[in-house]
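Have a look at the structure below before the remarks.
Naming follows writing order (A, B, C, D and E), and every chain is counted from residue 1.
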Amino acid sequence: MGRIQLKQVKKAFGDVTVIPPLDLEIEDGEFVVFVGPSGCGKSTLLRLIAGLEDVTGGVIEIDGADATGLPPAKRGLAMVFQSYALYPHMSVRKNIAFPMKMAGVPQDEQEKRISDAARALNLTDYLDRRPGQLSGGQRQRVAIGRAIVREPSAFLFDEPLSNLDAALRVGMRMEISELHEKLETTMIYVTHDQVEAMTMADKIVVLQAGVVEQVGTPLDLYRAPQNRFVAGFIGSPKMNFIEGPEAANHGAHAIGIRPEHLDASTESGAWKGRVGVSEHLGSDTFLHVHDTGLAETMTVRVDGEFGLHAGDDVWLTPDPDKIHKFDAKGLRIT
Amino acid sequence: MGRIQLKQVKKAFGDVTVIPPLDLEIEDGEFVVFVGPSGCGKSTLLRLIAGLEDVTGGVIEIDGADATGLPPAKRGLAMVFQSYALYPHMSVRKNIAFPMKMAGVPQDEQEKRISDAARALNLTDYLDRRPGQLSGGQRQRVAIGRAIVREPSAFLFDEPLSNLDAALRVGMRMEISELHEKLETTMIYVTHDQVEAMTMADKIVVLQAGVVEQVGTPLDLYRAPQNRFVAGFIGSPKMNFIEGPEAANHGAHAIGIRPEHLDASTESGAWKGRVGVSEHLGSDTFLHVHDTGLAETMTVRVDGEFGLHAGDDVWLTPDPDKIHKFDAKGLRIT
Amino acid sequence: MARAVTPSRKAFTTVVAGLLGLMMFFPVLWIFILSFKSEGDAIKAPMEILFNTGWTTESYGAVQERSDYFKHFWNSVIISVGSTVLGLAVAIPAAWAMAFVPGKRTKDVLMWMLSTKMLPPVGVLVPIYLIFRDLGLLDSRVGLVFVLMMINLPIIIWMLYTYFREIPGEILEAARMDGASLRNEVIYVLTPMAVPGMASTMLLNVILAWNEAFWTLNLTAANAAPLTAFIASYSSPEGLFYAKLSAASVMAIAPILIMGWFSQKQLVRGLTFGAVK
Amino acid sequence: MATKASRAAARLMISPSVLLLLGWMIVPLSMTLYFSFLRYNLIMPGDNPFVGWENYYWFFTDPSFKDAMINTLLLVGGVLLITVIGGTLFALLLDQPMWGQGIIRIMVIAPFFVMPTVSGLVWKNMFMNPVNGIFGHLASSLGLQPLDFFSQIPLLSIILIVSWQWLPFATLILLTALQSLDQEQLEAAEMDGASWASRFWYIMLPHLARAITVVILIQTIFLLSIFAEILVTTNGGPGTATTNLTYLIYVSSLLQYDVGMGSAGGVIAIILANIVAIFLMRMIGKNLDA
Amino acid sequence: TIAEELTIATVNNSDMIIMQKLSPQWEEATGNTLNWVVLEENVLRQRVTTDIATDGGSFDIVTIGAYEAPIWGAQDWLVGLDDLGDDYDYDDIFEPVRNGLSADGTLYAVPFYAESSFTFYRKDLFDAAGIELPDEQMTYDDFAEIVAQLHDPDNGVFGTCQRGKAGWGENMAFVGPLVNAFGGKWFDMDWNPTIDSPEWNAAITYYVDLMNNYGPPGATANGHNENRALFADGKCATWVDATSAAGYIFNPSESSVADKTDFFQAPKQVTDKGTGWFWAWALAIPTSSKNQDAAKDFLAWATSKEYVELVGESEGWVAAPPGTRKSTYANEAYLEAAPFAETVENSILAANPADATKDPVPYTGVQFVAIPEFQGIGNYVGQQISAALAGQQTVDEALANSQRFAEREMTKAGYIK
């Protein structure tokens, strides 16, 4: 129930290879998040799994059975689209019922599942509205409802929250997480949002140009990125990279320190610099420090407020345990 | 050069008063950010200043002269629109040249300003492309370029970054800040993004339903919100509000504590609760704590990683200096 | 630009636009007025006609006595609606394919289809006449339905194509994920979503078919003759019987005019032919 | 959505239309082509001998042929010019705030519903007739010599009638296009100091380009075969002043019943139409991509 | 017999419309039904020709003219009509009419009405101007003088109205006899066109000058019907046109000049041959019809003596179909209602399609040439002359073009080797 394996799966559009042969295993019940820069092939990979695109090569197995040639409907997967893709001419009830209607589920069973889903998703009051009469978050829930009633072996989400505004996004993020905890069904989730990836995933798959850069739990990736790409991609603000003599001191081609692992002081520290822009969020302050001789800009996160202004001198000290070392190829040195 | 005063400015669409009489002063060279929930009148206010809407009442003065009746082009202001509003059929060069062409600026002067602006905005390589061939960030820069060449006395921005993705947004935010530092021209900037408002503004104007709730520097608003609305609106995650006996203990109708001003401990503290969802960002962890008897959920921000999981007991302690007190009307008690 | 428009300016535009609109509409209005005049009054000077003559419905009586209006009317209805519905049935799958599974040559095919509309009908009348004779389709509604479907098919396909392209592909993919077969996808999802577009397409093509005067005249005799043939019996020899000509004209164009007015919104959408995204 | 299955389905679904249109084009076309090489006159029965290019020779050397070509171009060009310019002006006007916009729009749209034969008859008799027509009455009441439309300006008269029918079409498309113009762009231009004229020229007109192409394409398709209006008003005359290619073919094949020559004319018209079509398709194709 | 359904194609002139109105009587009597296809003349001709020539079989009865009948009959497209029964009094039909509708001695179409042409004029205006009519046939030169005297556009009266609308059945119907009068002809004995001859030139120059000086504006758009309406409305002092229009002009309910109109022969010029045309509208049955017996029955009814009486009694005698039957002209009621009857009869009897030109010609026909190619040539020449009338080209150019076109067509058709 929900174990998905990609074996040497490859995808090319015409001459352009978007995904070179790729292996990936997704365990039953896992919440897997695909992240990566725009155009790296996240959606394509998801659509290959869904069956909405043909693979150019390789095998996709679902629960151990070869599903490569199966049409989307036969794979037992449900998908939630970025645009929700609700049927605008059907009421919420009909939208949710649609997959069951297609599958020929008996009427009373349909009713039951609809009301269960509606209750779970707080949609009971809206069942007779049309999608056009719903807010963004409600639409999102309908889309999820439509996926749930099929009792799929896995859910596929393609950037489901990117059309929502910031506040709603936080709410829906939590709802999806709770849903996963409740249903314990495999979920594959595409996003380019750091926070979503970190907070929701059991396992994050970092992609770049169709290649899997690293697979691991959010904290694995945060603590031990396998290469500079992952290191730079995970974490916000971005990790500071230092090359040259200072890196050589640590026996590495380059070292990386996250802004939150740098300590700033007006008096003393390892490296001296000059404050450029400082961004005061109230809860934190991000200092952009120049002229350290290490990198063009070093970003430092300081808790709360910090009484420094553009042009002031500042000393930075890294937390020695939190320094990441990379070789010339950008791979992690342990 | 760039001092803008609104005196009893009022705006109604038909019978609906969107902005009740409002006074506001914007000093020359200031970076003023309008924030507020959707539909509160931010765009309307900006468009009134720009002259794209007629005021229903009141006076708008620019540099001391009455500009209420002037057409937009005569006010010496430049505007950058949310959708960029680039002219899709013109090359970048022509887009930027357009206002100068309209003003009859001589050809060589146009060339000069275009190349200056293009250099400043890193657009030199794209001058002959059409907007359709540019990325979001580049389009944004073209829109700014088009504003800069007019050498306006003030820039107006209406959510200029909301169409960009998160990473780009950070970059463009800094670019606009730097631009402001360089040009020292008045800028009025509408956004609903917390972080933008906090990091960019010299002065934030918080609006609700057309009414100015508070005007002040970002840190003023963070530290001393005048009312519950501002308190809840500024800061992310949102301030926790507590009413009832615990608030009464502090001699207030309600008290507010920001998540970053709560301390979490597994052993002891002021209030006991149970961890619900915890969101691990690597750099921080947000704990959503239930069953405290104070409010439905208390959000706590903990630095770094925190070894607590859903269902665990947790103790919270507020930083006593950082407690905000509000009366029954929601006004700050000092 | 939501700046206040002064009432005087609005009044001015209203007057100018109203006058221009009246100018466009005047010929239609005029035949309507003339159709209620007696033959003798109808050729008087305009001012006299308007203010100095009585009203009568005798022309309508005369027209109805001479030709069986309702038979022609029904033929028009059947032929124009029939050809449009048939056209839609053929065009929907084609438009689906072009809109959602575009290939390298999709646009060429579309353009080729449109270019078939440029065949000058007079040039192929005799061949078609011979074919129809051999198939026994002369003077039959079936034959006309087919011909009009064929000449309007490219337009129908193009219009539907432009509508379908506006429908997000994700919705069809969602249906596919939901287990809908291709048929169900078209029936339950695509078609209902495209209803407004199809309504516009239908309207426009009903109008085009209704007003098509070459084939309908040349391939019919008595049984299948629509209103275009009805009008042809009022042209030249009755040319100066203004009142009767007006009455016949009003009877010929009124149904489609009324339908057009009632469905103006859809029609306007339909007329845009994907010119406007 | 580009799986093999869906591509196969697409081919299946598109084929009825393609086959139908192909048949509709090829069967009569090949018959026409065949006839064009025969001496085939309907009213002279008997065997129809093969005569090679003779019909083409006669058609090309027909003294009316050149006139018909020129008239066709003038007719199509003239109507396009009037409807595009007039339609743009109308659209700009109707885009302004006003009272009773719906009613005005209904009035403007009306000519589009009128059968070509009816509109030809109505204009000819009730308007352009110099004795009984409204224009004639108007001129006389002003003490002017009434203009004899169909003998003094025959082609222009036809152009006016046809323009009247197609102006609503152009107006509606351009109006919709105009309304789809991003208001922020206009505001931006206004902020940039553009006057109304500059905004029209630099912003609105380029935005309308695509709509204008569509208007041109669709109208050209219909205008190339304008026929009924000519038939009921001038019969192609006086002389050949209003004979267009379609009417000339009509004269050959249905007034002289010379099917052979009419077919030759048909083949020529098809070739010409396709040249125009290719030209138009290029233009629109580019615009459709945008 | 079982009831048949017949499709009848006919032209939309008033006589045919009366037939349409009365035909239910035949339907009731026989149980057959008629489907009417009523079309404007040009459309009708084109529709019917296409259908008959392609053996389409859409029509059981068609309305054709004196031009088509012999040509089509000779091609076996029409059913011979010599067997309409004993009651159908063939000898009652005027001889020229019968001959005009026969080919090789077989009658292929039965006449519904026949006409020649003569001059309508306004008695009241002539009297007011003090013009005396000569007893003899006047010349076109005399005619032009009279017209000049009567021309009074300021009072809404034009000196003369003649056909200007292009078409072999429109302006050429007037121009043909005019050219005949001026001594011209279409073809010489070797079938060479002679349209660029001085006779044609004189005739057309006369026509163009006459119309430009004394005609109504917009004459190039005027055909028979337009002129009839103008004349009936009192806007014309003279009008040379079909005798069959007399019934309309003399009908006070349709014409405002019914009691002010009289008529004289169409003028002559260098010859009096062929100065009045001959035309008939007739009913015929295509060989492709599947209901020929019922169709013959209808034809016999609709062109019978009894039908003429029926019209006379129900629609008024002035509306009775003219020009076909001797019995009509022997009927007192008709003669009383139609003061023009005798003149019409004489004109028709005088019109001789077989000898209509000053010089000998290889063709028959007064205002047309009874060969299939004539339609095309006639239409083209008609267009050229209307262009000359409109002032878009000179008469010389018009005739030169016409000559060239006619030569082309005749060469194409193999008359000229």
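Heads up, the rule we're going with is that contacts are C-beta pairs under 8 Å (C-beta built on N, C-alpha and C of every residue); 3 or more make two chains touch, one makes a residue touch a chain.
Listed by chain with UniProt protein names: A, B = Glycerol-3-phosphate ABC transporter ATPase; C = Mannitol ABC transporter permease; D = Sugar ABC transporter permease.
Just so you know, these numbers come straight off a predicted model, no measurement behind them.
Q: If you take the chains that touch subunit A and keep only those that also touch subunit D, what is left?
A: Output, common partners of subunit A and subunit D: B, C.
Q: Where each step is a move between two chains that touch, what is the least number of such steps from subunit C to subunit E?
A: 1
Q: Of every pair of chains, which is linked by the largest number of C-beta contacts?
A: C-D
Q: Can you work out the rotation angle that lays subunit A over subunit B using Cα coordinates, in steps of 5 degrees?
A: When the C-alpha atoms are superposed, subunit A turns by 175 degrees onto subunit B.
Q: As a quick test, compute the distance in whole Å between the mean CA positions of subunit A and subunit B.
A: Measuring from centre to centre gives 26 Å for this pair.
Q: Nearest whole angstrom, what separates the Cα centre of subunit A from the Cα centre of subunit E?
A: 90
Q: Roughly how many whole angstrom separate the Cα centroids of subunit C and subunit D?
A: 16
Q: Return the distance between the CA-based centres of subunit B and subunit C, expressed in whole Å.
A: A distance of 54 Å separates the two centres.
Q: Which subunit C residues touch at least two other chains?
A: Touching at least two other chains: 1, 43, 125-126, 130, 173, 176, 232, 234-236, 239-240.
Q: Where in subunit A do residues touch two or more of the other chains?
A: Subunit A, residues with two or more chain partners: 52, 71.
Q: For subunit E, write out the residues touching at least two other chains, lowest number first.
A: 42, 50, 54
Q: Using the touch definition from the top, list the residues of subunit E that touch subunit D in their complex.
A: Residues in contact with subunit D: 42, 46, 49-50, 53-54, 71-72, 75, 77, 164-167, 216-221, 230, 235, 372-373, 375-376, 379-380, 382-384, 386-393, 398, 401, 404-405, 408-409, 412.
Q: Spell out the residues on subunit D that touch subunit C in their complex, using ranges where they run on.
A: These residues of subunit D touch subunit C: 1-2, 6-7, 9-14, 16-18, 20-21, 24-25, 27-29, 31-32, 35, 42, 90, 93-94, 96-119, 121-127, 132, 134, 137-138, 141, 164, 167-169, 172-173, 175-177, 180, 183, 186-187, 190, 210-211, 213-215, 217-218, 221, 224-225, 227-228, 232, 245-246, 249-250, 253-254, 259, 262-263, 265-267, 269-270, 273-274, 276-278, 281, 284-285, 288.
Q: For the complex, give me every residue of subunit B touching subunit A.
A: Contacts found on subunit B: 38, 165-166, 170, 174, 177-178, 192-195, 198-199, 218-219, 222-223, 234-237, 258-260, 277, 279-284, 286, 288, 301, 303-305, 310.
Q: Write out the stretch or stretches of subunit A touching subunit C in their complex.
A: Those in contact with subunit C are residues 50, 52, 71-73, 77-79, 81-83, 85-90, 98-99, 102-103, 146, 150.
Q: Using the touch definition from the top, list the residues of subunit D that touch subunit B in their complex.
A: 182, 184-185, 187-195, 198, 202-203, 206-207, 209, 290
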